[in-house]
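Both of the next two complexes hold chain A, though its partner changes from chain B to chain C.
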Partner chain A sequence: MTRADFIVTLGAVALLPFLYVASWGNGARGEQARILVGGKEYARVPLYKAQRLEIPGALGVSVLEIKDGKIRFIASPCRGKQCVHSGWLALSGEFAACLPNRISVHVAGREPRYDAVNF
Partner chain B sequence: MPALTATREDLRIAWLAALAVTVHIAESALPSPMPGVKPGLANVITLVVLLRYGLAAAAWVALLRVFAGSLLLGTFLSPTFMLSLAGTLASLCALGAGYGLGRLWPAARLSVLGLSVLAALAHMAGQFWLAYAWFIPHPGLFYLLPVLMTAAVIFGVLSGIISGAMLKRLEI
Partner chain C sequence: MCAFPRYSLLATSYCLILLLATSSCSKQEASLYQEQILALGALVDISISGVEPERAQQAASTVADDFNRIHRTWHAWQESELTRINARLPGGAAFPVQADLMPLMVRAQELSRQSEGLFNPAIGKLIALWGFHSDEPIGPPPDPGAVAALVAQCPGMDDLRLENNFVQSRNPAVQLDFGAIGQGYAVDAAIEHLRKLGIENAIVNASGDIRVIGKHGARPWRIGIRNPRAPGILASIEMQGDESIVTSGTYERFFEYGGQRYHHIIDPRNGYPAQGLTSVTVLHRDAVTADAASTALLVAGLKDWRRIARAMGVEQAMVIDEQGTVYMNAALARRIRFEITPAPKIEIIDSP
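The block that comes next holds the complex of A and B.
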């Protein structure tokens, strides 16, 4: 075994923990989002494709944005803009809703991070 | 039509490629715990050829092994073959780089063990890249990456040890 062998093998072994952390570390990243309008499922969209969605609700059109495995409200015809202030959702079980417009979004993945959420 | 005559080198490559194909097919009978994970014992032949006969001979043997092995197993041009070819090309590039660097700069000289680890990592990376780029472009595939790479490191070290033992006996 030469010194270079030792370095290569050590490097390979040292690389593994980084790979585990990078691929598994952020745990339960959601894979898709369920969009509900008026309590009924309107669409299920994958989070790995960047896109903008316009969802017609009770008051008007809410705009959702999907980017880098995350989803958020960017505009909604409501007054409080609670939904927009919820920001990005990425982890499975995370949830945002625009109650006046009757639109809710939640992220679904293999392992839910939360069983229930209280406000 | 001029007759094709095989040189000594041609015959040697054919023999070694036949040996690699045999190992490849014998190994394909082993059950695999998950797709993409395989001991890769045929690479032992590639490594031994590299160290005894040089990079060109090793590339010939490895590529002939991929083509002839897939024809015999009935996987020619199937995804399995594509993955195998991508992995082999990547590992040949890594072997070329590692071996070439060692010749230019003796302090960075790798023995068969380091070359084997390098080749195994490159093989898996090439295969994974093709699987992600072409067959399953879904981020969920990355959940497999650490497991696949762990297997690559383990089998790389094992193939390296086997190749080392084989080279030692061939030196008599």
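The block that comes next holds the complex of A and C.
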């Protein structure tokens, strides 16, 4: 093996972890959230910026929290609070909805990990 | 004369391999059009792959109209064709209904029969008694005497005579509620409509009642199955061709009263929320069968779900009990990939 072969081999080995993550890893973290009210897009917000959002819906205001690349409902005027119980959403393709308040949140990224979620 | 250096073969091989590997990592997804609508008390997601955005948008808009029409027709507690039918059923006389309403009622009757009555859309009165004829049920649970009185009247789909666009009930306790299959029915109708419009690759997802056709570009559609015990995804499955996946869970609609949780899947045999299983996932070609079967299997419980699945022609199903143990047949186990660590306790059985 020549010196050049050695350098190329070293380069290939060094690239392996990156290729592994790109091919098999959890490379589907969302980059932004689409917020829909009544089925219409209300806002698109990046997930890298921590903030609280107050979204007016059919019943009142739902409060969303964005932190560490994740988003969740933290308050909503519905009775069941199933949207709040949905917890954090981080992966592209994940979503949660407050149907009584007609607000839904969809995490979007370059390539969704799931095309649809069954529940 | 041009001489290649000695290392060129090895180096070129590595470079080619890397080039191929990186190019496959950054492969482009097929064009995907997505639209969300609110209908049938659910969030409906329509995804269409492989056609121009304008055409996809038109198709999705047509499907949205279908959902809204079905919502208006079959709503169980807001004024609809169904509430008008329910108002006339206790009279006992045969009455005419629109021809396009018959297929769902006839299919529901067949599915109810196959499920030995565990899927029973004739118990609308019980559903209403529990307060689930409301967008946000709050309880309290009904009086046990009232529950027992309704159960004693044994309303069932076989009490209905459905002939020549006429409906007749011989049991005054029958009130129809197609909540357990309405979404599946609408999903099937949407897929049929998309096909007529020439769409070959799509997903219609009505609050988790999913039917896929075709593929997403060169790959199958990837479906996540929500964890019934915690936020997030429990497992994933790849689907293509023409297939539906439906999950019924006790966590979908419920109310809490006096520190106890009461969910919306009522066991028609005793009139109370079904016990034993927390979620049932069924794969089948059509969504309406998967929808009815997921409800029937959840009511059947751990002892009888396999028998009812066989009777309903279901070959792939997964049930989860209250302890979180997953039971599924081998055909489904080969396709499913669990996404949580540690994976749940799993028991694989030979046939459903």
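Here is the rule we go by: the second predicted complex is superposed on the first by the 93 of 119 C-alpha atoms of A that agree within 3 Å, B and C clash if a C-alpha of one lies under 4 Å from a C-alpha of the other, contacts with A are read in each partner's own complex, and residues count from 1 in each chain.
Basically, a contact is a pair of C-beta atoms (placed from the backbone, for glycine too) under 8 Å apart; a residue touches a chain by one contact, two chains touch by 3 or more.
None of these values were measured; they are calculated from a predicted model.
Once the two complexes are overlaid on the shared chain, A:G39 sits against chain C while remaining clear of chain B.
Shared-chain residue A:A4: touches chain B and chain C both. In the superposed model, A:P56 makes contact with neither chain B nor chain C. In the superposition on chain A, contact is made by A:Y48 with chain B only, not with chain C.
Within the superposed three-chain model, A:H106 lies in touch with chain C and out of touch with chain B [touch as defined at top].
In the superposition on chain A, A:G69 contacts chain B only, with no contact to chain C. Which of chain B and chain C touches more residues of chain A: that partner is C. In the superposition on chain A, contact of A:G93 is made with chain C only, not with chain B.
Of the two partner chains, chain B is the only one touched by A:E31; chain C is not. Under the contact criterion defined above, the residues of chain A that touch both chain B in one complex and chain C in the other are 1-2, 4-5, 8-9, 12, 15, 19, 23. Residues of chain C that touch chain A in their complex: 5-7, 10-11, 14-15, 17-18, 21-22, 24-26, 29, 36-38, 41-43, 45, 47, 135-138, 203, 205, 207-210, 212, 216, 221-226, 230-233, 236, 245-247, 249, 252-255, 281.
Residue ranges on chain A touching chain C, taken from their complex, read 1-2, 4-5, 8-9, 11-12, 15, 19, 22-23, 36, 38-39, 78-80, 85-88, 91, 93-95, 97, 99-100, 102, 104, 106, 111-119. Put simply, chain A touches chain B in their complex at residues 1-9, 12-13, 15-16, 19-20, 23-24, 31, 48, 69.
Note for the complex: chain B touches chain A at residues 98, 102, 107-111, 113-114, 117-118, 121, 138-140, 142-143, 145-146, 149-150, 153, 156-157.
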